[in-house]
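Heads up, the next two complexes both have chain A, just with different partners, chain B and then chain C.
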Partner chain A sequence: MVNARSKRRSYLSFVLPAFIIYATIMVFPLVFTLGLSFTKWKGFGPIEFVGLQNYVRLLSDPVFHIGLRNNILIVLISVFGQIPLGFLLAYMLHRRMVKGAKLFEIMIFLPITISSVIVAQLWNRVFAPVGILPTIIRQITGNQDYIMKIFESKDFAFVPIMFVLLWQHTSLYMVIFLANLQRIPESIIEAAKIEGANEGTIFLKIIAPILAPVAFINSILAISGSFKSFDLIYSMTGGGPAHFTEVMAVYMYNTTFVFQNYGYGSAISIVIILFIVLAIWLTKVMTNRLNMG
Partner chain B sequence: MRSKMKVFIIALFALVTLGLGAQNASSNAPITLTVYMQNDLANPQSAYWPVTVEAFQKKYPNIKLEFEYVSGEEFHQKFQAMAASGDIPDLFTCYAGARSGYILDRGMVKDLRPYLTDSFKSQYNSAIWQPQGPKGEIYIISPNMAVCTVIYVNTKLQKQLGLSNPKTLDEMIAQVPKIRAAGLDPLAFGNKAQWQAQSLLLSVLVDRMGGTEWFDRAMKGTAKFTDKPFVDAIAVIKKMVDAKLFPAGVNQLEGPQAWGEFVQGKAVYLLDAGWRVSALKAAASPSDYAAYAAIAFPAVEGEVVHGSSAATLGEALAMNAKLSGAKADAAWKFLSFIYGKEGSEILMQYGTVPTYKLDYSKFDIDSLNKQYINLINNQTMGYVIDAKMDSEGVNNILNPGLQAVMMGTKTPAKLAAEYEAWVAANDSNRHKK
Partner chain C sequence: MKNQSRLTMAPNSWRASAYIIMIFFTVITIFPLIWLGYSSLKPNAEIVQHPLALPQAPSLDNYIRAWNLGGLGTALKNSLIYTCVATISTVLLSLAAAFGLAKFPFKSVKFFTWAFTVGLMLTVHAVIIPLFLAEVRIGLVNTRVGVILPYIAFNLPMSILIALGYVKGIPDALIESAEIDGAKYRQIFWSLIMPLSIPVVSTIAILSFLQYWNEFLFVFIFTTKKALKSLPVAITQFAGRQNIEYGLQYASLVIGILPMILFYIFFHSQLMKAFGEGALKE
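Now for the complex of A and B:
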């Protein structure tokens, strides 16, 4: 009896502090945000309960729709751009397919070490009407009015941002793949070669199966990171021009803290969380099916 | 009995004397004021502030000031949390409008009217005594007016091209082919941050087209933002874009990049705010700076107000409504010093034209500043839209909508209709109880 009580105490003494911290910084804000999403509140004064009004507004809010579309584009460029490219680069470096692998490793890894705000400023100085790229093109073409019109296109203004995201974040996945590739014993590859396996067979039969769980983890990182995308876009375009490069997190931030519409901002936050959970669940289902297949 | 009475009187006298002494001692006792200020001391434009505080401390050594400086949006975020807890400092930065709604609506800011005598008020530009609260309250003594629309002219380039100051917008547009043929931009302007087209351009155009009376009615709902003055004002911006007055990619250009182009001699005119003067002085060579001029935005076809600009009151320190007695007196001494003659002279020395009326002949004012002072002293001031209307409607509908109009993806009438719909449904000006 005493032993059981003592065990429970020990258990609680280990678990409770972590649980309290988790509840304080994760559960409470989440529940509070969920509660606020059913209200109209300016951040001060009386809180007015409005039921599902904020969620209904989301359905017909064109700015939110642009944000959602752009977030989905980030997920696509992350999962189908950054991860495969990261893997390709890691594979090439690991299999020593290029000379000076270490140099390339450092070069590719560098962007992820730079603050997103600095990356945004850097690329702004490339793309801006007075930036390097339009200036060079003006010199070459003689067209003094040349600017990067793509930034003023409702459909394509987000493409340059996707390019910068690809440039900045691919290295993270490359490093994760590279670290896992380095864990594969060289003897297995050598044995496969002695058995007559070519590069394609080694990749399909040895490397790909070993790295499948890593790809899954990378996908989760990519998806959750994609829906949270904020710093680079906020610094690079602030969602403009005319909301063309809006993403949900930037819209949520502006709605909540700039427009002081805490209720609607909270509803956007809850939808972001739901999208993250849904996307990760879908990834898990698809990975399980692929593994079973 | 008499001796007892004597003892009683002496004792009473001693008590009163001691009491008065104690009271005297307390009035001379140091008073500490906490000050929460939106200020970035690393910004060169804040250089005047430590000098002002030092001068105040020299004059009033018994008033101790405990500062907390926070800049940008973080200032408001932290202050909102303080306001929610009901515990705010003795003095704090306050805006005369919706931006400080979280403290103004809670009645946390002291109405300064009891301190403001007619002779005190007469020392300032009268524009700062417009009511700041629903019952005519005055919360701040704004040290400077943020004049949002000035046209800066590079007279050197103007002379080289044989041009003169345009009196009308059409005259300015007529200069475009000649300026563009010289490989220059006619009117440097950047609107990447979205607020510029509204604060620096639409505000003055709305004033020209409708005046402040029309705007007051639109705020209340007796006029609408779909009315002719507002739609016409937006249409003027589109006309300016179509006439190629602005640099290519104006909505991709940051403000500093735009005035940077002007300083580099790549544009004949610059559309910017009055507060840009000191930055131009710091960035341009002395000979180039000496050739800059400041003029009013040219006349627009159909305008009902002539030669105006748009201005809003700059933010200032305000007093906690709970302050009373010696603390309130000390706080008033501080405010009337920093925004009075002494503080305003320091401000002027650092290149900002104060709202306090100074004898400008005492100061070594450069040519551009002289022109600027003359200009704004002879202009009526319209409203700056984002200082009057709710932030969400302005920042979420109007500002991006103006970019869309400029890029040709929305018509002025459609933007006006969208903005009116939002204002009618949500703006606090239309829903005042």
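Now for the complex of A and C:
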């Protein structure tokens, strides 16, 4: 069976290059991250095994808690902000409720092309002392001494970041919903109209259930994306001031690459992965529940 | 699509809110960019005194200084190298893998497909520490290869799954008849699969290009030399330092944004299609 053997060889020559790059760079290091997370290591000298000590330390690390809280806020703004808003925008565009729908679509989708770190700098300029927002507020209130203090507030420092996330990603979900809306036959909407359904009913009772699976896929994208958040926040605030805007990934970066604490940083990495897996699993369970009920 | 009858018209209340929301979104999207654009043409003193006003005497001074001081020419060249090499490699590797997984009847197909699917959940942060240590050890830190390889690896799972869905749809009969004609699989890949897959190749290429162009973390961590920085990293580091010279900062940001706006002007419909389709799969 020389033929079968050469066929197998061809098959492997197609699949293996991609698989080897993928496995070497993404899969094997994961094992080392896990291993390092049980150690204490400064990047040189002997590696000290410390068992679960890093994980125990995370439980009582206030900075990590702020990071986790902020990551959860990002999940919430994604799932309950970006996705419903994206859906609403897509529906309005699809039903041609505005003239020039295509132009609006193109304008609103534009931020998707701009690098997160540059988006961050741009919005920092909007919120900066000589930026757009404080200037507008000064002109409206007539108070020339107004200074924007939102970034210094423990409770509200994260609000501008959430706004920028909404700005940056809503249109992605809009485009995904729009592509799927276009696959729903117009006749379904027509039939509902003839039976006297109003726009709200069509939106909530007919279109929304059809697109529930799409919303589910979007939620997975959003949740795993939320726990990965790094570029935007690192570039906008670096997690500061006083860690008010910390997220897990930024904390992991600083712990590892700035403070050379490889073991503790690895433990944070593993926890990020666990949260992603957990969140995806939860979304799946909840969606199954909803479909059953 | 244009023959919408009066019957399907949405009620006025919906149409009015639609206008409000659309205009609001468009304004908050476009206004900061326009403001950045015209502000970058103002000298620093004017920016500080009249943050919102149009430039009195528009000038490209900020651009010339930012370009030279920030080393943005080098960064632009690096970005082009990283992005193009990685995009072409991703397209070839993922289409080849998809061909293997879609059209060859071996048991390991299931395992490989599963392995790539798991990759969708893995994130950069899960592996960046050992990857950095490994690159230091084998001397890949501060090289272009050390940046490009992780770029490709992290994009492969998604690209392969997109390609797989498409290649599966190519009729087996076409491949069988080529086999009977005595064509080698390598030839079948280049002269049959590749031309038939142009639509999915362009989807993968556009998505990869966008992602690689905007990639930040790998260059940021794996390179320390200025000569290897990509545009997003060079601009972040340059703009981050300009706490007084707003003009320089604005100009460098525009330099970072402009290439992508040009890309968007040419490819926006393909880009929307690619993002829309990417999520249809599964």
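Quick note on the criterion: the second predicted complex is superposed on the first by the 246 of 293 C-alpha atoms of A that agree within 3 Å, B and C clash if a C-alpha of one lies under 4 Å from a C-alpha of the other, contacts with A are read in each partner's own complex, and residues count from 1 in each chain.
Please note the rule applied: a residue touches a chain if its C-beta (ideal position, glycine included) is under 8 Å from a C-beta of that chain, and two chains touch if they have at least 3 such contacts.
Nothing here was measured: the structure is a model prediction, and the numbers come from that model.
Overlay on chain A: chain B and chain C clash in the combined arrangement.
Contact with both chain B and chain C is seen for A:Phe257 once the two complexes are overlaid on the shared chain. Of the two partner chains, chain B and chain C are each touched by A:Val130.
Of the two partner chains, chain C is the only one that A:Leu36 touches; chain B does not reach it. Looking at the superposed arrangement, the partner reaching more residues of chain A, out of chain B and chain C, is C. Once the two complexes are overlaid on the shared chain, A:Ile106 sits against chain C while remaining clear of chain B. Contact with neither chain B nor chain C is seen for A:Gln53 once the two complexes are overlaid on the shared chain. After overlaying the two complexes on the shared chain, residue contacts for A:Thr287 are found with neither chain B nor chain C. Superposing the two complexes on chain A places one region of chain B into the space of chain C, and among 75-83, 93-101, 201-209 or 273-281 that region is 75-83. Judged by the document's definition of touching, chain A residues 43, 130, 257 lie at the interface with chain B and also at the interface with chain C. Interface residues of chain A, counted against chain B in their complex, comprise 42-45, 63, 124, 127-130, 134, 144-148, 151-152, 154, 237-238, 240-243, 254-255, 257-261.
Interface residues of chain B facing chain A in the complex, by the touch rule stated above, are 73, 77, 80, 83-84, 101-102, 105-106, 183, 192-194, 247-249, 251-254, 257, 260-261, 390-392, 395-396, 400-401, 403-404, 407, 409-410. By the touch rule above, chain C contacts chain A in their complex via residues 4, 7-8, 10-11, 14-15, 18-19, 21-22, 25-26, 28-33, 35-36, 47-48, 51-52, 93-94, 96-97, 99-101, 104, 106, 108, 112, 115-116, 119, 121-134, 149-150, 152-154, 156-157, 160, 184-186, 189, 210, 213-214, 216-217, 221, 231-233, 235-236, 239-240, 246, 249-250, 253, 256-257, 260-261, 263-264, 268, 271-273, 275-280, 282. Of all residues in chain A, only 7-8, 10-15, 17-19, 21-27, 29-30, 32-33, 36, 43, 88-89, 92-93, 95-98, 104-118, 120-123, 125-126, 130-132, 135-136, 167, 170-172, 175-176, 178-180, 186, 189-190, 193-194, 198-199, 214, 217-218, 221, 224, 227-228, 230-231, 235, 249, 252-253, 256-257, 262, 265-266, 269-270, 272-273, 276-277, 280 touch chain C in the complex they form.
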